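Both complexes shown next keep chain A, but they swap its partner, so chain B is in the first and chain C is in the second.
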Partner chain A sequence: MCAGSLALAILSLVVAYPAALGICTLVHGLARGLSARFLLALVHFMTSIPTVVYGFVSVFLLVPRLREWFAVGSGFSLLAAVLTLSLLILPTITLVLHSRMEQLDPTLRLAAEAMGFTPVQQVRCVLLPAAARGLTAAAVLGFGRAVGDTLVSLMLAGNAAQFPHSLFASIRTLTAHIGLVLATDSQSMAYQSVFAAGLLLFLLTGAVSLLIRKSGGKNRGL
Partner chain B sequence: MQKTLDRLLTCLAWLSGGGTLLAVSLLLVFLASHGMPGIDAALFFGDTPWLDALLARKPIFGGIWPALVGTFSLVFLASVFSIPLGIASGIYLAEYASDHRHSLLDFMVDLLSGTPSIVMGLFGFTAILALRKTFLPGARTGLLLAGLCIGLLVLPYVIRTTESALEGIPDHLRLLGPSLGLTRWQNINKVLLPLAGRGILSGAILAVGRAAEDTAVILLTGVVAHAGIPGSLADKFEALPFRIYYLAAEHRSPQELEQGFATALVLLLLTGLLFLAAVLLQRSVERRWKTR
Partner chain C sequence: MSTRTTKSICRVALVVFALILWSSAGTASAAALDSFAGLEGTIDIAGGTAHIPVMTDAAKNIMTFNPKIRITVEGGGSGIGVQKVGEGLVSIGNTGRALSEEEIAKYGLKSYPFALDGVAVIIHPDNPLSGLAAEQIRDIFSGKITNWKEVGGKDGAIHLFTRDEASGTREVFWEKLLKKGPIATGANVVASNGAMKSAVAQDKDAIGYAGIGHVDQTVKAVVLDGVAPSQENAMNGSYPVVRKLYMNTRGEPSKLVKAFIDYILSPEGVAIITKSGYLPLK
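Moving on to the complex of A and B:
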């Protein structure tokens, strides 16, 4: 289950992080003005979509497609959870990155512009390196969100307690384990493991908060 | 090499922007097209006439009204608990705390806001177990416990927005009160709080939205699929997000599935409206500081 949680969180980060980077490049370099503002508003709006709605739509939109296209298993798999979860953590990462890039000294960008950098070069060579701390903070915060999420993995990952050997395997995360075991209210060995899982999760997210603090940023709970 | 990198980044940027737009619009269109037809009086009240249902004269079978009432009572309880406490903590952090205490409390708030909601639910569950073993053998999970746990979950949002709303007040306004001989508390109460009011309110609205959508906490603290309208604070209850989750996993007929879509749409509209209200308030705050 630990492996399941880690695999899901890391893979989601691998999908969502470049996308967040791309969106910030768009907003700060390529698409200024109205379209940039629209994109930002969209990302802000994404934070307000309930997790359970993401999960529900994926169950009926994404899972049947995966089942058709890959013809492996039931479609409730690591892949389905990764795709949905990356959509869920995308706004968190993007907004942290964006706010860091916005706090940069505006003269930095003017200097780059004056030296004849194209917008993409400005972002790649000047803004991103200057916001390097924001880059780590965003990644760590996104990881924390991904590890802590319950509903997406509970609804989409299949919940078989096994080692995630492929993208199409059914996995169970620590968070889903807590929900599943307590919902059935058993008195077996599994019941004790719930508290271990809870402690592990708490320590993990505590470590995330500590890391963000060390990197000089604040977790604004976006 | 440099050129290729630039081109790669440009591609990535447009791809991710377009991909995100596509994913979100797919989600919205899919939900709207499947959920729209299901939104009518029967969705909320089942077969019961709506007047009887509203006055709680007859029980409701099959409608989402009890879930709606459950969610609203949860949000209410969570707000009663978290908003006053959160605003007070925010004031303390922004105005009173010494540097040392500030950094300590700041870390505590970070820790709280980073805690996964399921862990918060587990905390509530364990608290009930502990109560049972000690001095309250009849304790069980229910509305009050769920409200408290959700309140704890959204507390950091209220604290953070209160703190940043107070810290965002320009210095000349901040110094105005003391220069006229107001005490510290008079200054906060009569000058700073009214100025920061809208910012604080938008934070509270965001917290309410978060409280309405959370599922993992209530999963462990007393939500059930069929409970009717809760009669007391200790009762089990229904809630919108849990109903959506439940219908996704165990729908038995196409009607129930349609109800699931409609319920998801209702919840999305609810949180969307709250989000819009928060954004508009935030905007008006920003405009106010810019014009002066």
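Moving on to the complex of A and C:
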């Protein structure tokens, strides 16, 4: 289950992070004006969609497609959860990155422009390095959100308590395990395991927030 | 306001009052409700989701008969039922399984079984198979048989769906049908009877199991060794995969709670149980 949680969170981050980075660079350098504003509005809107809606829509739209396209397993799999979860953590990452880039000194950009940097060069050589701290913070926060999410993995990952040996395997995360067992049990071994799972999750999220503090502390806060 | 309108309002109020009296007299005619006369107080019920239709119907009848009694019904699952009643948060905790030794010892609970619910193996309605032998089902769930072809169906990998380790439905299925045999670790786990039904209804190659009361036209119930999983067959004992539904109280129930339990077990309660798709216990 630990492996399941980690695999899901890391893979979701791998999918969502480049996308978030792309959106941010688009908004901040490459696409000015209306399309940038529209993109930002869309991301803001995405934060307000409840998790259960993502889960529900995926159960009926994504899972059957996965089953038909790949013809491996029932569609309830690591892959289904990764795709949906990355959609869920995308706005978290994007907005953290975005706010970090907004805080950058506007003279930086002016100076870069004066030196004849093209927009692409501006983003790559000036803005991104200047926002490096924000880059890590966004990744860590996104990871924390992915590890802590219950509903998406409960509804989509298939919940088989096994090692995630393939993208199409059904897996169970720590959070989903707690959600599953708590509903029906009260005194058995399975119930006791909920506390172990809770402790592990606590340690994991604790480590994540420690990481954030550390990366923030080095550079006078986020 | 003129006296005339006041009069007509009074008349309307009288008629309404008379109607209420008449309707409550209608339900009160049953002797089973008489034990609630003169009682007042609150009964809080929580736990097994299978119980809810029975509990709410009974609660409605009782509260109509005697408005001084308040009854609240919540779900949560068998585990929540045990926990809440054990800690004194509710008067009755429902479970879809017998209590474990530890649970009885820890909280001093008393159980009142009141109905039978069968568990049926379900497949997608488009699946050409209609019946399976118990042995085949055991092999399918243990992962020995992985293709529908091997049990006489069309070519296609079997997608297993099971319930979480602590589910009451899983327990009876595992004990009575799988004979405590293994369930493949790769099987998908879903969290409720409803989730099981929607998962199987969507997947042509799926097999799972759910309470008979939950089976409808979106899934197909498999005939087991030639016996259809119907309430009649569960009742006469020819369909073996059945479980009891329980109400549980901590220690001896209060007078009001006792009256409620007696009502569920009375002929009128039996009618509610049957209407909800379960089998009353003899």
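In the analysis below, the second predicted complex is superposed on the first by the 215 of 222 C-alpha atoms of A that agree within 3 Å, B and C clash if a C-alpha of one lies under 4 Å from a C-alpha of the other, contacts with A are read in each partner's own complex, and residues count from 1 in each chain.
Just so we're on the same page, contacts are C-beta pairs under 8 Å (C-beta built on N, C-alpha and C of every residue); 3 or more make two chains touch, one makes a residue touch a chain.
Computed from a prediction, not measured in an experiment: that's the story for all the values here.
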{"item": "Partner chain in contact with A:Gln162 - chain B first, chain C second, else both or neither", "value": "second"}
{"item": "Chain B versus chain C as contact partner of A:Ser170, first or second or both or neither", "value": "second"}
{"item": "Contacts of A:His98 with chain B and chain C, given as first, second, both or neither", "value": "neither"}
{"item": "Which of chain B and chain C A:Arg109 touches, first, second, both or neither", "value": "neither"}
{"item": "First, second, both or neither for A:Arg67, with chain B first and chain C second", "value": "second"}
{"item": "Chain B versus chain C as contact partner of A:Leu90, first or second or both or neither", "value": "first"}
{"item": "Touching partner for A:Phe76 - first (chain B), second (chain C), both, neither", "value": "second"}
{"item": "Residue contacts with chain A in the superposition, chain B compared against chain C", "value": "B"}
{"item": "Shared chain A contacts, counted only where both chain B and chain C touch the same residue", "value": "59-60, 154, 179, 182-183"}
{"item": "Contacting residues of chain A [partner chain B, same complex]", "value": "18-23, 25-26, 29-31, 39, 42-57, 59-61, 87, 90, 118, 120-121, 123-124, 144, 147-151, 154-155, 175, 178-179, 182-183, 194-195, 198, 201-202, 205-206, 208-209, 212-213, 218-221"}
{"item": "Contacting residues of chain A [partner chain C, same complex]", "value": "59-60, 63-64, 67, 71, 73-76, 154, 158-162, 169-170, 172, 179-188, 190-191"}
{"item": "Residues of chain C touching chain A in the complex", "value": "76-80, 82-83, 86, 100, 102-103, 106, 157, 159-161, 164-168, 185-192, 198-199, 202-203, 205-206"}
{"item": "Of all residues in chain B, those that touch chain A in their complex", "value": "5-6, 9-10, 12-17, 19-21, 23-24, 26-27, 30-31, 34, 106-107, 110-111, 113-119, 121-123, 125-126, 156-157, 160, 209, 212-216, 219-220, 241, 244-245, 248-249, 260-261, 264, 267-268, 271-272, 274-275, 279"}
